[in-house]
Amino acid sequence: MNQPEIVKIESIQNETDSIKTITFFYKLETIPGQFFMIWIPGIDEIPMSVSNINNDNKAITFRVVGDATKSLFNLKKHDLIGIRGPYGNGFSFHGNHHLFIGGGTGIAMIAPAVESCLLRDEPVDVILGAKTKDELFFIKRLQKTDANVHIATDDGSKGYKGYTSKLTEKIIKEKQIDTIYTCGPELMMKSIFEICIKNNISLQASLERYMKCAVGICGQCCIGEGLRVCIEGPIFSDKQLLDISDFGVFNRNASGKKKNIQP
Amino acid sequence: MVSLTTCINNLELKNPFILASGIMDEDAGSMKRILQEDAAAVVTKSIGLHERNGHSNPTFLELEHGLLNAMGLPNPGIDSYGSEIKKINNDNGKIIGSIFGSNVEEFEILSEKMQNYGVNALELNLSCPHAKGYGLEIGQDPEEINKIVRAVKQSVSIPIFVKLSPNVNDICMLAKAAEQGGADAIVAINTVKAMKIDIETKRPILANKIGGYSGKAIKPIGIRNVYEIFEAIKIPIIGVGGITKGEDVIEYIMAGASAVQVGSGIYYNGIQIFTQLKEQVIKWMTQNNYQNIKELIGVAHK
Amino acid sequence: MVSLTTCINNLELKNPFILASGIMDEDAGSMKRILQEDAAAVVTKSIGLHERNGHSNPTFLELEHGLLNAMGLPNPGIDSYGSEIKKINNDNGKIIGSIFGSNVEEFEILSEKMQNYGVNALELNLSCPHAKGYGLEIGQDPEEINKIVRAVKQSVSIPIFVKLSPNVNDICMLAKAAEQGGADAIVAINTVKAMKIDIETKRPILANKIGGYSGKAIKPIGIRNVYEIFEAIKIPIIGVGGITKGEDVIEYIMAGASAVQVGSGIYYNGIQIFTQLKEQVIKWMTQNNYQNIKELIGVAHK
Amino acid sequence: MNQPEIVKIESIQNETDSIKTITFFYKLETIPGQFFMIWIPGIDEIPMSVSNINNDNKAITFRVVGDATKSLFNLKKHDLIGIRGPYGNGFSFHGNHHLFIGGGTGIAMIAPAVESCLLRDEPVDVILGAKTKDELFFIKRLQKTDANVHIATDDGSKGYKGYTSKLTEKIIKEKQIDTIYTCGPELMMKSIFEICIKNNISLQASLERYMKCAVGICGQCCIGEGLRVCIEGPIFSDKQLLDISDFGVFNRNASGKKKNIQP
């Protein structure tokens, strides 16, 4: 039932100064790319992608940006939160050689996708990008796997110096990438989308929109011609993105009013 | 061949299925998508004068027998919403603009603007159960209803529907007040005031605590309201509440509805529900030898 | 050990479970049977001055998410009913006499007779939704409620409960009127007005057409009413509507109920429901480290 | 669901001047002794025992006594009625040698019970009783079976002259009857009950009480110490009847008021 199930926080992990992972026991089968609605009683209910899937243990990894994430950040082990979901479509893996690109907190949901894709025994490359070294996380987790891990920081404090999109252009020249999977700031994803179109590479990009019901009725998260990010998304293909004029241009706040996505 | 065309006064509809207000109608794209399904019309989200975020999340949850929401009338404000309506191509169906205000003047301004945007009819939301100063708080008073409808009637030339709440002593009195004010149809029902408390955390789940109950559980309440209103007034009724299958539509129409709206049904069946309803209604009518859906309106009254 | 004892003012109950009015309470035998289960009290069928057959059959049907009935207050009349009450041995629990009248005088006579028969408390049914001239027709008017309660208060010394309907604009106003009149507790809710039309035969199934909706579907409506009333008054509340499991009981108590009544639950679970509820409530309290059910009353208000 | 299912009348059979059998298609499994609530739209809803069970075809057999039964009597083939049920416990067969006693319209529900009991391949005797010959029915139906059919009429116009209870006393002297199953006027059943007690024979008697909900909540049909004729009955055993002080003494009308069962 789409009603918050109350779970105890099993463990809390600091990833960076402002990013934490919270693990809890939640039975429902969940695939990478799907998300939960996380109820912080008395505060808010917000969407969060699954960042780790370990049988019945699921995790979310989030950055503090406002009230709800701050409360979540301050919770202690054994505190109670409500979970409903998983929602959305999740990734589906296609092709032979896969490239995953996580930018900022987008890394959170890219990590389990990489782990899941590796079960196919096909070559997997990953780009983890952030403004600066201190904002990176999940590097060790992914380096432990068979994926080729590339790192990019805007300021060059670690790995490649520059945007993930630039590093992407470099990698696709060297390797025959079939599909790119990405989550990060929408303008970053827009650049990657353009690269994919130009180079004829399939894309799966995870979009974020303001969410209320998460079950496809309130209309809050609709983009393009009535696509619901909570149902038909949050993962959209290059083909779908071609028809979504809002992509990289605007989103909507809680009132439904359009807000430009800053350039 | 079975005919499903129906009329709400002079608004012709190719079939009796309308998207209810507040469901997939925040932007042009989603309404266009619904109009590509077998919906004859869509009602917009309820729009007010100014931008409103509505209530904080949680604003929605599923209950065992229905849905509970307290969106709190989020909307971008009438001026921003115009661009959405203008983007919809009316060829596929009609657009009904839903508006809410806290007094006569607000309703006047909103209705004129909506009409200018090109909607085919107006729905006055006098029944939202969970927004202070709006909706139900105004919609319990027959005189207030009468005044608002009368004023809107003078401001616009398109048909005016009045959406009423079941959370009242006597919905017939309110329907009569709307009719006397010049309403062209009554829409019934809005959601039923309800609450869910989470016993683990010992608090109501909705941020607004009280919400509106919709979906399957409320159908018998909707049917009763439509049946009662039908005996009280002469203008058409649009039935809403808990419709998920063709038989529910027939039941509403027999109770007295000339058309129906579907909201939570989209939760249960997806947006295909309009096509499903159409097929199920046609099948039932064929099996029972009815040619024209209009012959079924109000037949349960004898 | 968990304590389930609760108090409605000075009426002590060994646990919070009470049989609701109109369910298995037409004769002494059935009430005695229920009192042998884990029910702390039974409410009698609503009794009036004179014998009434109630409505014709069909008086009952099941709906997809609840039950619908229009019994129409059948009862043998207060004078015949005395012998039933006198036959019940109170050792196992309390008897609450439910009465309905069409005016102050009738309530006075009925309450005195009920008290003389030996009931432990009175429940004034001001909320039956389907009997002309009784119940809800009186129970929508705060002044009428106030007058009736005041008069009954002067006629008897046992506690007086007032049962209210959710089919109103504002139940809190009515609860306040009852409190000011001297009521010792509020019982909420009676059934929700609803209807089922059979589309094959094109008519409402109930002989009375409109009936009262009870059972699972109405729980969120009951919870909302109890929650709202709790914030409006100081006297205890007895929660009713859709209870079928221990968690429902906890939810009502957190909303503000000091005890609960169970009606349709007997349909879903049989008369064992009282034992089931008791076990489930004890289990939940034990797991969640609560010793005393009284500490949970109204905790959802913060 | 306990909501009238609308069925078409498949066939109508005249049994006597005032008794008819109506057959309809109704899937739910039904055993002898159970009853339906029959909705005659616009008129009433009344309890009627199943009188014939033929896979998905079920029948009721009834006498005209008032408005509802009169309307039912006047219905035509293909008219619509509503059915809910079956309700109640039905008979359960015990012992080796079985005696069935149907008095008046009680014969209606005794007939399928006899047919069902015969499947046990044990000796079965049946007494069909009525005031006079013209009120008897189902004789041929039962004579076609392996049961020993006895007939009793008060006026002696057919078979044994006298009450079924007298004939019962005669038969139990001749045969070693283990269990008696009966349906008929309550005073007749009361006499048979007394015979059973005296002779240590098990009894199953089918009681009638005014019914409204038929699902055990309205309390209308309660007898004795809270036994619901619609749930714990309508068939009660000799042991149960011993504790039911109302048996043969009074029933209740629609208001719940006690009415003496005329002597």
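Every chain is named by a letter (A, B, C and D) in the order it is written, and numbering of its residues begins at 1.
As a working rule, a contact is a pair of C-beta atoms (placed from the backbone, for glycine too) under 8 Å apart; a residue touches a chain by one contact, two chains touch by 3 or more.
Computed from a predicted structure; not experimentally measured.
The distance from the centre of chain A to the centre of chain C, each centre being the mean of the chain's C-alpha atoms, comes to 52 Å.
If you average the CA atoms of chain C and of chain D, the two centres end up 36 Å from each other. For the pair chain B and chain C, the distance between C-alpha centroids works out to 33 Å. In chain B, 63-64, 196, 200, 203 are the positions where the chain touches two or more neighbouring chains simultaneously.
Multi-chain contact residues of chain A (touching two or more other chains): none found.
With chains as nodes and touching pairs as edges, the resulting graph is an open line. Contact between chains, using the touch rule, shows up for A-B, B-C, C-D. Residues of chain A that touch chain B in their complex: 1-4, 6, 37, 39, 41-42, 44-46, 80, 82, 84, 212-220, 222-228, 252-258.
For chain C in complex with chain D, the touching residues are 22-27, 29-34, 45, 51-54, 56-64, 67, 69, 71, 74-77, 80, 196, 198, 200-201, 203, 205, 207, 263-264, 266-267, 270.
Remark: chain B residues 63-66, 68, 140, 167-169, 192-197, 199-200, 202-204, 209-210, 213, 216-221, 223-224, 227-228, 247, 250-251, 254-255, 284, 288, 299-300, 302 touch chain C in the complex.
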